[in-house]
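Once you scroll down, you'll see the structures, which are given as structure tokens.
Below, chain A partners chain B and then partners chain C, in two separate complexes.
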Partner chain A sequence: MDVTVAEYIRRTVLKIPRDEIKTMLQKWGFLSETQLQTVNFHQIKENISQDVVQLCEENSADIKQAAVLDIIYNHIYPNKRVWSVYQMNKTGEETEFFDLTDFKKKFKRRLRSALKNVTINFREYEDNAVWIRIAWGTPYTKPNQYKTSYVVYHSQTPYVFISVSVLKSNLPLLCQALVVASNYHDIREMELRSHSLNSLKDIVFKRYSQNFQTYYPRPLQERNVAPESGDLRIIHENRNERERIQRVNQEVFGDGPQPKLEFAQYKLETMFKSDPKMGVLDEKEPFRCLVKFSSPHLLESLKSLAPAGMADAPLSPLLTCIPQKARNYFKIREKKGFFPGSFVSP
Partner chain B sequence: GVFAHLEMLEARAHEAAVKQEETEQQEEKLARLKARVQELRLQRDELRAKVDLQQKGQLGKEGVVSDPAQPSARAVLEWKIKSVKAMLQVFYLTGISGKLTKRGVCFCISTAYEGTYLDSYHLDLLTKAEVQIHRHSVPIFIPLEQIAKKYLQTDIRRFLSVLSDHLNAYAGRRYQADQLQGRFSDRIEGTLQRNSLCNLLVFNYNVSSKSKTFPFNARLLYGDLCCSLPTEVTVSCTPDAPASLAETAAAHSDLFRRVALHKAFCSFSSAEESVD
Partner chain C sequence: HLATSLPLPSERDHLRPRIDLIAFMIDIKSKYSLKNVEASLAHVDASFFLGKVCFLVTGVGRVNYCSVEMNAIWKLGEVYCSPVLFCELELEGIRVATAQRLLRMLQICAGHIPGVSALSFGSLMRNSDD
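And then the complex of A and B:
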């Protein structure tokens, strides 16, 4: 077995939390159950990884199999990477019959025709998602297994989720291969980024909770928020206002959990409006300013601002439009619906 | 003298008259009040009777029959609410229901397949200027934009109908594929290859004949997105399989085109049981 492969497997195993190592190796399926039983999974990870490498040696693992283990790890822990969303366009109206074998063939062919030194692995999952792992080399060097890009694509959708890591220069090539393989015409990057892959999917696939007005009777008891439990001596003076805020919040954010984003960034290119007598910024130049909201869970925190009394309800549409507009990077220009209508074109 | 006496008599008469008037007035007043009391008692009794009736009604006792000509306002309101709810339920069950909103309409399309209710999808439309889709929860792989471009401005009914056809067909195809994977996983070799729209299914399955099993490969293409049956089916067996199996393959191919996937597999199982 190649020394680099052995080292790669060792390092991959070290990334996995100790309690999960056995399950992940079972998912991998490269080592037999009998082989796995010879490993003591309670020892320190250093030793576990050495034992695993030893077993892989017995089975003569090659880089393709090692790559599969890496895909499995990243599929279970996708939040360790930053994902960007790309949108593809096509003009034709023919029905799509996504054929997986066809897709894989076209993708590999396109990529390899431009760059021979790449390792490409595919893995399909139950939810119609195809995971692609690409390790990049150069025309003169073998693929570097530690410089990988990941692509997640759901068939017959125009969205691709890409986690690039280091070599951004290979991005155009990757995009081209995706467009060709999926029968689209072009691709552009959306202004939407997060660590949480599933939340990005929720946003663009419209799986997040939206509050639609329907007559279908939802049991009213659900909506009556838990009665003011606890101390009956506490009287809420502004109960009407609290109820109004709850109602408005629910209309905007819906009932369910919000998609998980870590930040929203607003780049202002607007004119500074001051009292003319103050004479600040006499030159009529836009005041460059960047406002960034960060949070472990931005949308949930926005949802709780008004009920916590820290902001007025309803919140500014600039904040509440994030899931619907599917973006968390905004450029705010002057005037006319200061709303960020224009996408940043590639 | 006499005048003084007369004056006195006059005064007395006057007093007596006044007193009598007073008494009469009081008696009148008393009579009126008594009558009022009677009235009020009567009203009270009526109300009591009504309350009793309502209570009995709520407990479901078949007691006193209420005056049909005068149902209580509350009963009427309750009946109205009940019949409106029933009407809305009926609309919901037909698969397309809507509610007017401040800026337009919100539609709900519910899908079903073979009597099982599946997912519901929503569309929030603005109707002030031209008709626009404000928000929706339709899956991204359903060609919503195409359908909207064709029909939304000119014929909303047609738009909803076509969209509903797409969604119901998708729900039906997905249901069949899920059933196949769930109930007949022992007959499927390897994985069932599918896609988001469930309009291309490729899988290998086992067919037993004369106590031997042969692998068959099936490729089902659903060319019509509004249909939950395939338009093209290819069933093939390995080259070294006996000739009789070619007929079976053709028969299966035909069956898949006419019958729901899981039902086709049901019939395979029962056919094989009866043969062996």
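And then the complex of A and C:
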């Protein structure tokens, strides 16, 4: 077995949390059950990985099998990578039947015709999801298994989720290959990025709980309102306001859990508006400014701002439009024309 | 009675007892809360500032998250002649101790402690601050 393959398998096993190693190796299916029985999965990971490499040696593992283990790892722990969303466009109207074998063939052929030194692996999952792992080399060097890109393509949709690797220069080639293989016309990057792959899917497939603009009349105010649950000695003077905030929040964010995003970034190219007497930045040039919101769970924290008393309700639509517009990177320019204010560019 | 800002909603005026002490809570992590308190102070009748107002600054345990300048808080206490208390709501011991302090102050302001008036107590607290 190639020394580099052995090292790659060893490092991949080390990434897996100890309690999950056995299940993941079983999913991989490359080592037999009897072989797995011989490994003590309670020892330290360093030793487990050595034992696993030993067994792989017996089975003569090659890079293709090692790559499959890597795909399995990334499928179970996708949140370790940052994913961007791309949307493909078709000019024609008829939806062609998706042929997986044809897709794989065309993809490999396109990629390899431009760059011979690549490792390409596919794995299909439920939900019509095709996972593609690509390890990039150069015209003169073998593929670097540690510099990989991942693509998740749901064949019944025009959406592709790409985990950008360090080698951004390969991105146009990758996009081209995807378009050709899937019989689409072109591909564009949506301004939507996150660590949580499932949340990105929730947003573009509209699987999160959305606010529906329904009109429902406000309930009549009763004089003898039942007391709030909790200590009856505490009287909330602003109960109406609190209820309004809850209602507005619910209208905007819906009831269910929010998709998980870590950032929202707003690039401002607007004019600086100041007191004319201040004379600051009087030249008619846009004031370049970048505003970035970051949080372990951005949308949930935005949802809790008004109830926590830290912001007024309703929040700015620039913040609340994120799931509907399916983007978290914005460019804001001056709106020319009748209405003052800022214009969010597509 | 808890309120998020002043003035209090007028539709509840007839349900409200006499107010003996107003404690303005400022979250040191939120500039918004300081602004809110400053705006609400404008709606308080001047007679309250004779010992029936205090400022309660919360969140002081987390030094890294201070958004409000201490100078601004001291100035507020000075301008409105009212004591400033500090506490950390997340720690039960401090929470209980602060509640006991406020309760004591409330008893004085409500006139339940003979010989001590709200005004004399207020000036006592202010002098010990300097």
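Quick note on the criterion: the second predicted complex is superposed on the first by the 318 of 346 C-alpha atoms of A that agree within 3 Å, B and C clash if a C-alpha of one lies under 4 Å from a C-alpha of the other, contacts with A are read in each partner's own complex, and residues count from 1 in each chain.
The criterion applied here is as follows: a contact is a pair of C-beta atoms (placed from the backbone, for glycine too) under 8 Å apart; a residue touches a chain by one contact, two chains touch by 3 or more.
Nothing here was measured: the structure is a model prediction, and the numbers come from that model.
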Fit or clash between chain C and chain B when superposed on chain A: fit
Chain C, chain A and chain B - angle at the middle CA centre, rounded to the nearest 10 degrees: 80
Partner touching more residues of chain A, whether chain B or chain C: B
Which superposed partner A:Y140 touches (first chain B, second chain C, both, neither): neither
Partner chain(s) touched by A:G309 [first = chain B, second = chain C, both, neither]: second
Partner chain in contact with A:N240 - chain B first, chain C second, else both or neither: second
Overlay on chain A, chain C to chain B nearest C-alpha distance, Å: 29
Complex contacts: residues of chain A adjacent to chain B: 93, 95-100, 124, 128, 154-159, 204-207, 210, 212-217, 324
In the complex with chain A, residue positions of chain C that touch it: 1-5, 8-9, 12, 30, 32-33, 36
Touch list for chain A against partner chain C, complex: 234-238, 240-242, 309-311
Contact set on chain B toward chain A in their complex: 85, 88-89, 91-92, 97, 99, 101, 106, 108, 120, 122, 124, 135-141, 143, 146, 191, 193-197, 199-200, 221, 223, 225
